[in-house]
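Common to both upcoming complexes is chain A, partnered first by chain B, then by chain C.
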Partner chain A sequence: MQAEVSEVMRRSLRRDGAPPPPRAGEVRTARGRRSLLLRAALLMVLATTAAPAHAFIAYVSNEKSNTVSVIDTDSWTVTKTIKVGQRPRGIDFTRDGKFVLVAVGDDDTIQVIDAKTQTVVDSLPSGPDPELFAQDAAGKILYVANENDNTVTVIDLEKRARLGDIQVGVEPEGMTISPDGKTLINTSETTNMAHFIDTASRQIVANVLVDARPRFAEFKHDSSEVWVSSEIGGTVSIIDPRKHEVIGKVTFEIPGLRKEAIQPVGIGMTKDDKTAFIALGPANRIAVVDVATRKVTKYLLVGQRVWHVAFTPDEKYLLTTNGVSNDVSVIDVAAQKVIKTIQVGELPWGVTIAP
Partner chain B sequence: MIRWLVGLIGWSLAATSALAADPVTIGVGYLGIAGTRSTLSLVEQPAENDGVAGARLAIEDNNTTGKFLNQRFTLEERRIKEGEDVVQAASALAEKNGFIVADLPADALLKVSDALRDRGTLLFNVGAIDERLREADCRANVIHTAPTRAMLADALGQYLVWKQWKRWLLVVGSHDEDKLFADALRRTATRFGAKIVQERTFEDKGGARRTDSGVTLIQRQMPVFTQQAPAYDVLVAADESEVFGAYLPYRTWDARPVAGSAGLVPRSWDAAQDQWGAIQMQNRFFKLNSRRMTALDMQAWTAVRMIGEATSRTNSGDVRKATDFIKGPDFSVAAFKGTRLTLRDWNLQLRQPILLVDGRMVVSVSPQEGFLHQVSELDTLGYDRPESKCKLK
Partner chain C sequence: MSSITTRETPRGFSVQDYLTCLTGIIWREGLRFLHQRERFVSALVRPLVWLFIFAAGFRQVLGISIIPPYETYILYEVYIAPGLMAMIQLFNGMQSSLSMVYDREMGNMRTLLVSPLPRGFLLFCKLLAGTAVSLLQVYAFLLIAWLWDITPPPQGYLTVLPALILSGLMLGSLGMLISSGIKQLENFAGVMNFVIFPMFFASSALYPLWRVQEGSPYLYYLCEANPFTHAVELIRFALYGQINWISLTVVASCTIVFMVGAILAYDPSRGLARRGPAGGEG
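Moving on, here comes the complex of A and B:
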């Protein structure tokens, strides 16, 4: 909270035209400059010996600013802001880690950011208003949910060509693919279903009714369950992907908070399938869920209107995008504590981290 | 219409090839009055398909869902002309349709609901905002997706009070419904601590809404009409009859904002609403109807979606099962308003946030922050359970 306030104050200072506050160690005399150099050298020595080598790069889509913020997970600072198309939301690294794909809904396309140069280099022929997408295990095929025309578009990532469409329910949104790559799950927000699609035949094999406005789907790593969040229903449905049945539900209750404010969206599951982190939207919290018992063990207060989450590859940290407070919260996964808040662009929505 | 038909044909082709069993058909009737009312603003003049266009979109949405559940929805529209018997028309509609979406004045709606009571038809009131339909004259076979005058007045009042515009100059039209809206606004002022510093009546002396001489006369009349008022923060107009309200903004003697029937207006929906995924809905509506979506369209869409929600959750086209589900504790519907909408079980009124709009933008959405309630903050809008005079039968 403290960090947030001071960040806002600094930003407003700059906006007022006042000079930025001097950074620690910054002096303007000749002697000072030498001492700065010396300090820098010392710091470098320290860094090479003490700092962990696991710095990752996170990309955050800012729905309102039409930008993507690049975050260095070592310094926890925004190192670059990339201009993209209109209304960027769904964002994901390609499997090879070379590119970042970002769905820019109001431009009816998916843009391709080169991770090396951090610039937009290409775009993909998605259908109208793409929001979320999923890649097959090989990273060759992309499945895109197109909110405006009730279809899932299939795209060949190498050829950048459209292979076909699959008709689904009204306002398709959540997309995930089973670990074996055989089943694609799409959720449709107004039809309130999870559609199970066979990726070989591209046919729907089952439709499972869940609670209102399903927004996000996530497989357990062992493929035994699919978790689907219902934003308006306020629950997470757990589906058996073989029987195509809802076998359980995660419910949420936060003392002092009205039920309508609890609107689950993003889900992150640890690789050992033991813990799930679920973003609760305007409840401003992440629910920590014990996957075995399907019970919430803890609520972590993050920024306002938390949308989506992403783990660092070492699973030490979880990043959350907080739409209304325009920041990203960093959660220490082991300690289950929020350790940091980073200001990004306006209305941050999606987040992905380099593999 | 054509698109809808094409959709249906496409759907039936898909159905015959993919499904073995015949789909369950769920008939929805739409009952309204022929002709449209005149508004002061030409851009607000309702289209002839106002309301039913929303129902038609919801039928499409329901059918997209229905193809996965082997359910098929149809819409039959009936418009009553002057002199026609509404009960007869309703009974004819009820022959094939277990659900009827009604955009009728209060008295006609009551006649229809009483006539269809034993038949088990479920009615949705999408047009009438009269309090009495949810209070003394409430009916067990009528669900209300239209908000009430008190809900609209409270939604506006909460914002005005939050804005610290607590001194209201109330200007009331001379027609009955204007007076009813004024009653609702007075109740709101008392509830939320605003003060009506003075009331004025604007007499309707007749006259055309469109004239060639245009604004010249209005520009002289409105400042004179609003002069010598006690100190006030906002002029609140109650003019449901569209006689003077829209003439007030920018023409008051004192430089004050206008709210109520003009200026900042409370509505269940607006063409400018684009939050909470509403843009998809607005796009779908525009594509289907080549015009923007009104509050009445939304109230009809919500009614037909409630039917679709009930038939998909119960996996049945049975009206009684659907009715029980809608009235039951597990019912909720998503309608692009940022929260689930549920029914007040004591009078079957749909709880809903109310938008405050200025004709171009959504200025705010009520309930406002800080207006608390032990059950649902949506119940800070309109009459609450303890105040209700409704006995459902």
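Moving on, here comes the complex of A and C:
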């Protein structure tokens, strides 16, 4: 059964390796353009008659209850709770949207959840205590940060085989890959560095020192900057990925809150690279940052110890995991307002939404 | 007003007559309110002091836990806003009652009472007028609160209106009932001590009732029985486009009871007049 599933997964991943089909807006022929117009008109009619938001499915890893909560973004309710391995943290959809990968740290593996049946169907060989991971653009290679081993494991998603390890700093966590897939960035919590890794040679090409306890890294979609959040330092360092230099910092200040309570972790950047949403941990807030000026424009109150964030594919909503209050807050991105908070399992950590 | 006072048809009033009376009373109340700028300012300053100073002191910067009708974490100032709206109406209701005492002392009430329309209707008009004035104050407060980042959903400003009218009528008729028993203006301090403060503090205006319950279950029952709590909750839910049915029932029933009580109290054959000539117009 497991072999069968992994065969299906392998096939689906292989198919995904082909160039992606044109999306709406990427029309290449005149006929395509006409049909797009038709489709747009139809969409407009639909939008004016009944306008239910497109429902997406969000998966939230609950670190303490060893489960993954499935949330329907139409009704904003938990529709299913999936039992997974111990200490689930990093969670992400495969590029084709067919599987959800979840790093179960205390089981030293990455589990694979079939998005259709919503059950665990497989596992991938990571190093000890995997925490966060990143996939290349094609969705063929997975890079896993193993917190207890100071390594990044490279996994071939098709063959489910471990291709090797890259030695990095102490307590590796944050993982992001450049849009062109050439540079992998890993942050190490204790070494306080962002390691720039060349994906072809799997060698570190540069180390950039950032503020204490870097947790998360995010590339701008135009590849011009990497944003790295430092939990203890209380800042987000902005790194030029070509020069490997810190070129700016985002700082935070919330009236009435001591500085130590502001601990930036998860970062979500809109596709137009104009606005970043940064989770500030025990400050219970999401900072809305104007990317151009690198200044916070607004703080949004969410649940306790907000950790990671994820956009719905239409970027209408942003979901945040609030670890201590065991819930997920929903932010209306355009209005920059928190509209709802949904109870999930214990210690929600990561969140991913079906593409 | 003269058209009302000079009419001599004793019965069979037309709707027009009633309307003239209603607009006359509302107009007078509105004029009085507008001419007393200090009253408007003080009516606005009172809740703002609570909002800017009290709420700042109690501000839970990390948010307070979610209770209906809120769907996510809110700051303390967002929580107390409906309570302060109800407080505006509570003070306004009591002040209207004060003005009844004043009218009685100054003899203005005589002008009103010579109207041939039923006294109950006159009192109802007076109540409506008071409520209309409280609405002005509440919406002015909401505007300032909006600048202070207390931003309920846009439709909430509309859905809260019926709730405000009902709670305004309830608090106004309570004030009227109380005013029937007050013979002198000076007694208003007693109203403050024995009515306004207990009603305001023993309610959900300043703190969620689950907190009161943690402190003292008896106080919790008292708060639950306080009609002001239900006025606050009715407003709170309506501001977020929802109906709190229990509060609606309590507020509506209390309005009827207080109003009937006030009408009876002001009935010359039973209430006020029998108490003696203090009012002077009996």
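Going forward, the second predicted complex is superposed on the first by the 304 of 355 C-alpha atoms of A that agree within 3 Å, B and C clash if a C-alpha of one lies under 4 Å from a C-alpha of the other, contacts with A are read in each partner's own complex, and residues count from 1 in each chain.
Assume a residue touches a chain if its C-beta (ideal position, glycine included) is under 8 Å from a C-beta of that chain, and two chains touch if they have at least 3 such contacts.
Keep in mind that this is a model prediction, so the values were computed, not measured.
Trainee: If chain A is used to align the two complexes, do chain B and chain C fit next to each other or clash?
Mentor: Fit.
Trainee: Tell me the contact category for A:V338 with respect to chain B and chain C: first, second, both or neither.
Mentor: second
Trainee: Would you check which partner chain A:S329 touches, where first means chain B only, second means chain C only, and both and neither mean what they say?
Mentor: In the superposed model, A:S329 contacts chain C only, not chain B.
Trainee: What's your read, chain B or chain C touching more residues of chain A?
Mentor: Partner with more touched residues of chain A: B.
Trainee: Quick check on the superposed pair: does A:T191 touch chain B, chain C, both, or neither? Answer first, second, both or neither.
Mentor: After superposition on chain A, A:T191 lies in contact with chain B alone.
Trainee: Quick one: is A:R213 in contact with chain B, with chain C, with both, or with neither? Answer first, second, both or neither.
Mentor: In the superposition, A:R213 contacts chain B only.
Trainee: If you stack the two complexes on chain A, which partner ends up touching A:V170: first (chain B), second (chain C), both, or neither?
Mentor: Once the two structures are laid over each other on A, A:V170 reaches chain B alone.
Trainee: Determine, under the contact definition given at the top, whether A:Q304 touches first (chain B), second (chain C), both, or neither.
Mentor: second
Trainee: Figure out whether A:G234 sits in contact with chain B (first) or chain C (second), or with both, or with neither.
Mentor: Only chain B is touched by A:G234; chain C is not.
Trainee: In the overlaid three-chain picture, find the nearest pair of C-alpha atoms across chain B and chain C and give that distance in Å.
Mentor: Scanning every C-alpha pair, the shortest chain B to chain C distance is 12 Å.
Trainee: Considering only the contact definition stated at the top, list the common interface residues of chain A for chain B and chain C.
Mentor: After superposing on chain A, no chain A residue contacts both chain B and chain C.
Trainee: Please name which positions on chain C make contact with chain A in the complex.
Mentor: My answer: residues 59, 61-63, 65-66, 71-75, 151.
Trainee: What part of chain B is in contact with chain A in the complex they form?
Mentor: On the chain B side, the touching residues are 61, 64-65, 68-69, 277, 280, 283-284, 305, 309, 312-313, 332-334, 338-340, 376-378.
Trainee: Give the list of chain A residues in touch with chain C in this complex.
Mentor: Those residues of chain A that touch chain C are 254-257, 283-284, 301-304, 325, 329-330, 337-341.
Trainee: Spell out the part of chain A that touches chain B in their complex, as residue ranges.
Mentor: Interface residues on the chain A side: 129, 147-148, 150, 169-171, 188-193, 195, 204, 207, 209, 212-213, 231-234, 258, 260, 282.
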